[in-house]
Amino acid sequence: MVTLNDYLIVSGILFAIGFAGVLLRRNVIIIFMALELMLNAANLSLIGFARYNVHDRLPDYNGQVLAFFIITVAAAEVTVGLAIIVALFRARQTTHVEDINTLKF
Amino acid sequence: MNLLIHLTYLAPIVAAVGILLGLQPRRTATYAALIALVSALVVFLGYSRAQAGFQFESAIPLVPSWDLKFFVGVDGLSATLLLLTSIVELAAVWLAPTVESGENPYYACILLIAAGAAGAFASLDLFFFYAFHELALIPTFLMIGIWGLGNRQSVAWKITIYLSVGSIILLVGLIGLYLLPPPQARTFDIVKLQQLASTGAFAGSGSKSVFILLLIGFGILVSLFPFHTWAPQAYASAPVPVAMLHAGVLKKFGLYGLLRVALPMMPEAARHWAPLLLILLAGNLLYVGMATISQKQLDLTLGYSSVMHMGYIFLGIASYNVIGLNGAALLMLAHGLSIAALFAMCGEIRRQTGTVNYLDLGGLGTSMPTLCFIFGLATFASIGLPGFANFASELLIFFGAFKNSAPGAPLNEFQIVGTIALWGVVISTVYMLRAYRAIFMGERQARWQYVKDMPMNLGWAVILLVGALLVFGLLPRTVLDAVEPGIRLFAK
Amino acid sequence: MNSSPWIILLAPFIATFVITLITERFKKLSSYISVGAVAISFVFSVFVFFGHDTSGSFNWIDLGVFQVKIGYLVNDLTKLMLLVVSGVGLLIHIYSIGYMADDSGRSRYFAGLSLFMFSMLGIVLADNFIMMFIFWELVGVSSYLLIGHWYFRPAPPDAANKAFLANRIGDFGFMLGILLVWSASGTVSFGALSQHWSTLGLDPTFMTVTALLIFCGAVGKSAQFPLHVWLPDAMEGPTPVSALIHAATMVAAGVFMLTRTFFLFQHSPIALTVVLWIGLLTSLLAALMATQQDDIKRILAYSTLSQLGLMVAAIGLAVPQAAMFHLFTHAFFKALLFLGAGSVIHSLHHEQNIWQMGGLREKMPRTFWTFLIGTLALIACPPFAGFWSKDAILASASGNTPAFLAIAAVTFLTAFYMARLFVVAFLGEPRSDHARHAHESPPVMTIPLLLLAIPACLAGFPFVASFFIRVPEHEGSPLGAIAVSLLAFAVGAAGGFYLYRDRNKDEIDIPLFEHKFYIDEFYSSLIKWTVDLLANISGFFDRWVIDGTIVRGLGGLTWGSGFALRFLQIGNLQAYAFLFGAGVILLLYLVKFPTK
Amino acid sequence: MTMPPVLLELFVLALGIVMLVLESFAETRDRKVFAIIGIVGLALVFLFLQVSAPGPSGMVSYVMDWPAIFFKKVSVLTTIVVLIMSIDYADTITRFLPGRSPQSGLGEFFALPVLTCAGMMWMSSAIDFILIFVSLELVTISFYVLVAFMRRNAASLEAGVKYLILSALSTGFTVYGITWIYGVTQQTNLTQIQQVLPSVPLDNQPGLLFGALLVLVGLGFKIAAAPFQFWVPDVYQGAPTPITAFLSVGSKAVGFIVLLRVVLSFQSLPAVGDRLISAITFLAAVTLIYGNLAALPQTNFKRLLAYSSVGHAGYLLIAVAAIGARDSGLAVVVYLAAYLLMTLLSFLILVIVSTHSQGDDIVHFNGLGKRSPFLAFGLLVAMMSLAGVPLTAGFLGKFLVFKVAFETRQFFLIALGILTVGCGFYFYLKVVKAMYWQPAPPNVTAIPISRLSLVAMWVMVVLIFALGIFPQFATGLLPSTSP
Amino acid sequence: MSPLLFWIFAAIMLVFGGMVVIHRNPVASALSLVVSFLALAALFVSLDAYFIGVIQILVYAGAVMVLFLFIIMLLDLKAELRRRPNLPAVCGGFVVIFLFIVAIAEVSFRFQGGDASFQPIAQGPQGDIWHVGMILFQRYNIALQVVGTLILVASIGVVVLSKRELK
C-alpha cells in the first residue's frame, strides 16, 4: 500500500537532492538543472496532496492547476535563465560559479 | 497676537530657505533673528502672569485619529526659553564671522539650528516637540564638519551619532508615553497629556520604564554623566555660532523636555528614579568638575564647564519641588546666555591669536580691555555671582535640594548632593578664575601686542547676552513669576 | 525716613553702573561720581544713625512657598556699621583721588570701590541670611577686582584669585549653614531666627554644626586660620584698597556677621569654643608671622589678621559687644595705618620694604604723626582707641585663663612688631634713594589721615564710644586685666624699640615666622597632590577611558562587526546558496513545534 | 469608477505591448520617446488609481481593497520614476548593448519595466497562492532580464546569474511551502485558508508551519531579509542603476504586501500564527543587524544603498512582527511610501551623478555641494529621510514602526532599532560628508540635469517633507488600518 | 498503482536525480534529468494526474531538456575538472541537507492520515483534463493571463539577451 507519506518522503528526498546539486556542483547549468529538480519535487508533493484531498470522490484539481502553472513558469524561467548563462559565457568564457565573483563585500 | 509665536521659528526657517535660494545672507539672517527676537520678546512680555497656563495657543489638526496636531503655545517656561533662543540666535548671527566660501549655507545652518530649538520650545505637541529638535542635528553636523576647527570631522561624527542615538531612545520613550493611557485617551497634545496625568493615567507600572527611557534620552542630549563626552570636544571644535546655539540653547531642549513632559506626567516615576539621577548628576558636578580643572584650553574648559553646570539643573529637577524646579528653569536661561557669551569671546580670542591654550596666552587684558571686561562679567555669571541670573537660579536649586528633608534630620541624599553642588561652585571658581587669569592677566607677551579689541558686531552681541544676564539676574521675578505657576501645577 | 537705607545702598550701586557704562573714559569725573555716591551714603547714614530702628523689605524672588527678600534691618549694630563703613569709606575714597591720580585704570578702580561700598553696605543692612549672602559674595567680587587692579603684573592677579577662592571656600560653608538653618527653621530672616532659633528644639549637634558652618563664612571673609592665607597676599592691591577693604571694613564683615547671627552660637558651647580658639590661633600665628615681615603693608596685614583673630575670639567668649567695639576702633586706626603706609609708599615710588625706608620723620611729618597715633592705637597704648577695645576683650577673657594668656601674648607681640615697623620705617637714617628723596603727600591724602587720627585717638573713651556703641561692661576685676595688658604692651613696645633702633637690617632671623609657618607651601603642595592630581586623573579618565575606551570602543566594535559581517558577502554564488539553506534550517529549527 | 479594476493591469500590459510594437517599427527614431509614452500612460493609470475606490472584484483570487490600491500606486509610481531614471541612464545602457542602431534594445529596456509593473499590480491584489506565485514569477523573470540587460557588461551579467540562481532557489522553497500549506488546508486562497485554519488538526500544524516558514523564506528573499539577503548587494551593484532602484523599491513593496496578507491570514490559528511572528521577529533582528552594521564600512554608494535596503527591510519587518497592533499595517504602508520616495530620490541622483562622473563610489560625490547644490540638496534630503530625521517621511515611518513595536512589547527589536538607527546616521551621513565636507576633485564641471529629472527630484523632495510634516497624507493612504 | 511500481519509479527518479548531481559530464547530467522526469511523470500518473503527467513529459522531457542539451552543446561544456572539494563547505552542505530531510520527514510523519492509503476516486464522465481546464479558465483565468504576460516577458528577454551582435 502506497501512502501519502511515501510520496512526501520521496518528494522530500528529491528536493534535497536538488538542493545538494545547487550546493555542490560548480557549473551554473548543472545548478540550474538541480533547481529544476527541486521544483519538480515540489510538484510531486503537490500532486500527492491533491490526490489525497478528495472532494466528491474527485481529487482536488486546484493542486493540479498549481502544478501546471509551476511547470509553465519553470519552463519560462529556464529559457530566460539559459539565455543569461549563454550571455555570461560569451562575456566570460566560463560557466563556473567560482569565476563569477567580481562583485563582493 | 497668537501668530507672533509662529514667527519665532518661521522667520529663521523662511530666511534660511531664502538664503539658500540666494538672498544676501548676513542681512537676511540678521533681520530674521531680529524679527524672532522681537516676537519672542512680545510673547514673553505679553504672557499674562496673572492667568498662568498656556497662552498664545494655536493649533492645526493633522491626524485626528491619533490626536496629532501642529500645536504651538507657550507658558512661562517656554516663553522664557523662546526668548533665550532668539537672544542667542541674534547674537550668533550678529557675530558670525566672514566666511570665505559658502556663506549662504553657513547662515542658513545657523538659522536652522535656532529654528529647531525655537520650534521645539514652542510646540505643544509631542511629535513636533521632538521633530523640531532633531531638525537641528543635520545643520550642526554640516557646520562642524565644514567650518569646524581642529579635529572637526571625528567630532562631528561623534556628536551626531551620539545625539541621534539619544534622540532615538528619547523617541521610544515618548512613544511609550503616548501609549501609556488607554487607547481612546491617547494624544500627542501636551496640554491634554498634562491633564490626563493629573487623573493618574500615567501612574501604571509602565511609567517607570518609560521615565527611564526619557531620562536617558533627554540625559544624553543634555550631556548627563556618563553620556557627556560628546559635548566638550564638540563645542571646542564647532564654529562659534554653533557652539553658542548648541551649548546655549539646543542643549536646554532635554531639560525642557524633562520639565515639560517627563516630570509633570510621571511624578511617581520621577521620584522613583531620583536617586539614580542624583548619583549621575553628582558625577556631572564633581567628576566633570574635576576634569574641567585639568583642561589646558579655554574651549575645552568652557565645554566641560557647560557639562558640569548641567548638574545643577539636574539637581533642581531631581529635587522635584517648586523651588528647585524654578531654579532649574531660571538656570537654563542663565546658563544659555552666559555660555553663549563665553563661547563667543573664546572664538574671538582664537580668531585673533590662533590659540586658546593657556600656556600660549596671557596679558590679553591690556590689548583687548573691553573683551576682557565683558569676559569677566560672563565669567562671574558662570561661576554664579550675585547680580547675574545664574546666582539666583543656583540659589534656588540649593534651597530646592535642601527642601527635601525633615527639619533637623540627618543628611539625606538630596542634601548630600546639594552639598556637592555647593562645592561645585568652588570647583567652577577654580577653573574659571584660572582661565581668566591665564588669558587676560599677567604680563603680555610681545607677540600679542598687535591683538586688537573685539570688533563692534561681536561687542554688541555679547553685550546683548551679558546685558540680558544682568537684567534677569537683578530682576529674576520677570522670569520666575511667569515660570512658577506652570511648575506649581505639578510640584509642591 | 524709610527710604534712607535704600538710598544708602543704591547710591554706590548707581555710581558703579554710571562709571562702567558711561564715564569710563572720563577718569576724573568717574572718581568724583564715586566719591559723591559715598558721600551721599554717608550723609544718609548719619540720618539713619539719628533715626529710629526700622526695617523694610521687598520680595526679590517670590515663589509662593519661598521668598527671597531684599530688605534692611536698622538697629544699633546696623547704625554703627553704616557709619563706620561709609565714614571710613568716604575718607578712603577721597584719599584715593590723590593716590590713584596717575593710574590709567582709575575709572575701573573707582567703579570697583563703589561696587564694594554697595556690597558692604548691603551686608550691613541685610535683614536676612540670603541677602547677606548675596552681598557677601559681591564683597568678594569687588575685593577680587580691586586686588587684581594691576592685572598686568604677575602677582596681583594671583593674589586676587587666591583671595576669591579662599572666600568662596568659606562661603561654601556659609551657604551650607544657611541652608541648614533654613531647612530646620523654614526662615532666613534674622528677626524671626533670633527669636525662635533656640526654641525650635533642635538636636544640639545639629545646632553646633550649623553654627560652625556659618562661622566658616566668617573664617573666609575675616581671614581666620586656616583660610587666612589670602589676606597678606591681598596687599598686592592699591593701598587704599588694602585700607578700606582688607583692614577696616570687609574683613570685619565676618565679625559683624557673627555678631548679627550670634543667636546661633549662643546656645552652642562647643561652637563658641571652636570660634574662640580659631580666633586666638589666628591672632597668635599672625602676630608671630608679623614679627619677621619686611613689607610695610604685609606687616599691617598680619596685624589685621591678628586683630581680627581677637575680635573673633571675643565672639567665642560670647561677648559680641567687645568684638564690635574693637571692630569699631580698629576700623579707624587700621585705616589710618594703611593710609599712612600708602602715603609712605606713594612718596617712595612704591617702595614697600621697610628696610629701604627710614628717616621719614622729618620728610613726612604729617604722615609720621598720624602713623604714630595709629600705631599707638593698635598696640593698645592708653588712652588711644585700641587700648579700650582690646581691654574689653581681655577683660571678657578673664574667666578663661588660656585665652587670657593668649590675648596677652598677642598684645605683647603686637607692640613688638609695630614698634619694629615704626622704628625701622620712620626713624633712623634713610636707607635708600627713594627714602632720601621722600616728600610729604598732597593734602587730598593727608587730610583723610588727619581726619582718621581723631577717632583713632578718641573713639575708645567710654564717653565717646558709648555714643556709638554699647560698650561692654567689665565683669570681674578689670584692674588685673588692665595691668596685664599694660605690662604686655610696655614690654613689647620697649623691646621692639630697643632691638631695632638704628639697625640697617633685621638681627633676628626666625625662618619659621618669616615663611609664615610654611602654611602657603603646605597648601600649594596639598592642592598639587589632591586637587590637581584628582583633576588630572579625572581629565585623563574622561578623555581616555570614558571617551577613548568606552565610547570609541563601542563605536569601533560596531564598525568592526560591520566590517566582519562583510566577509559573509564573499561574492560566491554557492556560498550564498549555502548560507541561504543554513538560514532556512535555522529558521525551521528555531521556530518549530515540539517533537512528539 | 465603474471600470473593472482588473482592466488597469490589462491597460498597463497593453501599454507595454504598444511600446514593444513601436520599438520594432522605429528604425531611427529617438527611443526615449517610448519612455515618455510609458510615463504618460502610467501617470494616467496613477490618476485612475487615485480616484478608484475599493470594492468587490468579482473574483476569488483577486481583491481590490485599500492596500491593493496603495501598492498598485506604489508600483506605478516606482515604474514612472524608474523610467525617468532610465532616460538618464540610456547612454550607459546603449554603451553596453551594441546593436544595429545606436539605441537598439532601449525600447525593450523601457517596455519591460512597464510589464513588470503590471505584474506588481497583479501581485498587489492577489489573495490566492496561485496568483501570487505566477505574478511573483512574472516580476522575477522580468527582473532576470532587466538585471542582466547590459550584456556587454560583465558585472550586469554576473548580477543576473546570481539573481537567477538564488531567486530560483528561493522559488523552489516557496513552491514547496505553498505545497504544504495547500496540503494541510486543501486551499490556495488566503481568505479560505484563514477560515479553515482554526479547524486544522494539531498533527497537521507542524506541516502548516513548515509550509508557512518556507513561504516566508521565499518572501524574505524578495524583501531582502537576512539571512536570505546575500544576493542584494551584489545584484544591486551589478544591475543597471534604474533597475536597482526598481528592485529595491518595487520588488520589496510587493513582497511586503504578500507577506502582510499571508501573515495576517495565519493569525487565525495562533499556534502557527504566533510562531510565524516569532520567525519574523528573528528575521527582523538579523536583518537589522546585518543591514545596518555591514553598511558601515561601505565605500560604494550603490552597495551602500543595497545594505540600506536590507536595513529598511528590517524596520519593515518590525512592523510586520507587530501585526497585533492596531496600526501595524499602516506602519508598513507608510514606511514603504517613505522608503519609496527616499530610495528613488537617492537612485535618481545617483544615476545623474554616476552617469556624469563614470562611477558610483561615494568619492564620486565629493564636493557635490559646491558643484551642483540642488542635486546635493536633494540627496541630503534623501539621506536625512533614510536616516530618519524628523519632519521627513523616513522619520514618520520609523516613528510608526517604533510605535507599533512598543504597542506589542517587542522590546528586543526596539533596542536593536535604537542601535541600528545610530549606525544608519553614520553611513547615510557619510554621503552627506562627501558632498559637503570634501573638496571637489579638480576640473569638474556642474552636472547637467534633464528637466524631467529635475521635476521628479523636486517633486520627491517636496513629497518627503510633506509626508513628514503632514502625516495625514500618510494616514490617508490607508483608511482602514489593516489590510 | 501497485506499491511495487511506485517504488520502482520512485527509485528510478531518485537515482537519476542523484546522477544529475553526481555526474561530472553535463550531457550525462542532462540525460539523467530526462530519465528522472520521466519517472516523475509516471508517479504523477500513479496519482491519477494524467494531464500533469503528460505536460511533464511534453514540457520537461520534451522542451526543457532539449533546451538544456542544446545549450550544453552550444557552449561546448566539458566535464567539470575534478577540483579539490572544499571540505567544510561540503560537510556544511550535507549537514544542511540532512537537517532539511529530517524536517520534512518529521512534518510528513506527523501529517494526519499520511499513513493511510488514498481514498478511491470515481471515474466520472469528464477526465481530469476537463476539470483542470475548467478551473484554469474560470477560477484562475487571471493567473493564466499573468502567465501569458510572463511568457511574453520571457521571450522578449531571451531575444534581448541573445540578439546577434551586429557590428
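General remarks:
Lettered A, B, C, D and E in written order, each chain numbered from 1.
Just so we're on the same page, a residue touches a chain if its C-beta (ideal position, glycine included) is under 8 Å from a C-beta of that chain, and two chains touch if they have at least 3 such contacts.
Predicted model, so just to flag it, every value in this text is computed and none were measured.
Listed by label, the chains that touch chain C and also chain D are A, B, E.
Any chain bridging chain A and chain E, meaning touching each of them, is among C, D; the list is complete. Counting only chains that touch, the fewest steps needed to get from chain B to chain E is 2. Of all chain pairs, the one joined by the greatest number of contacting C-beta pairs is A-E.
Of all chains displayed, B has the C-alpha centre closest to the centre of the whole protein C-alpha set.
Taking each chain's centre as the mean of its CA atoms, E is the chain most distant from chain C.
Annotation: 95 Å between the Cα-based centres of chain A and chain C.
One simple way to say how far apart two chains are is to compare their mean CA positions; for chain B and chain D this gives 42 Å.
Between the CA-based centres of chain A and chain D the separation comes to 26 Å, rounded to the whole angstrom. Between chain A and chain B the centroid-to-centroid distance comes to 64 Å (mean Cα coordinates, whole Å). Multi-chain contact residues of chain D, defined as those touching 2 or more other chains: 130, 134, 137, 141, 144-145, 148, 151, 161-162, 165, 169, 180, 183, 206, 210, 233-234, 419, 422. Under the contact definition stated at the top, the residues of chain E that touch 2 or more other chains are 89, 93, 96-97, 100, 103-104, 106, 108, 110-111, 139-140, 143, 147, 150, 154, 157, 161. Residue positions of chain A touching 2 or more other chains: 15, 18-19, 22-23, 26, 28, 31-32, 43, 48, 50, 52, 62, 65, 69, 73, 76-77, 80, 84-85, 87, 100-105. Contact between chains, as defined at the top, is found for A-C, A-D, A-E, B-C, B-D, C-D, C-E, D-E. The part of chain D that touches chain A in the complex is made up of residues 129-130, 133-134, 137, 140-141, 144-145, 148, 151-152, 154-155, 157-162, 164-165, 168-169, 171-172, 175-176, 178-180, 182-183, 186-188, 233-235, 237-238, 303. Within the complex formed with chain E, the chain D residues making contact are 6, 10, 13, 17, 20, 59-62, 98-100, 104-105, 108, 111-112, 115-116, 118-119, 122, 128, 130-131, 134-135, 137-138, 141-142, 144-145, 148-149, 151, 180, 183-184, 201, 203-204, 206-207, 210. Here chain B touches chain D in the complex through residues 20, 62-63, 65-66, 68, 101-102, 105, 127, 130-135, 137-138, 141-142, 145-146, 153, 156-157, 160-161, 164-165, 168-169, 171-172, 175-176, 178-179, 183, going by the rule given at the top.
Those residues of chain C that touch chain E in the complex are listed here as 574-575, 578, 581-582, 584-585, 588-589, 592, 595-596.
Those residues of chain E lying in contact with chain A across their complex are 1, 3, 6, 10, 13-14, 17-18, 20-21, 26, 29-30, 33, 36-37, 40, 43-44, 46-49, 51-52, 55-56, 59-60, 63-64, 67-68, 71-72, 74-75, 77, 80, 83, 89-90, 93-94, 96-97, 100-101, 104-105, 108-109, 111, 113-122, 124, 128, 131-132, 134-136, 139-140, 143, 147, 150-151, 154-155, 157-158, 161-162.
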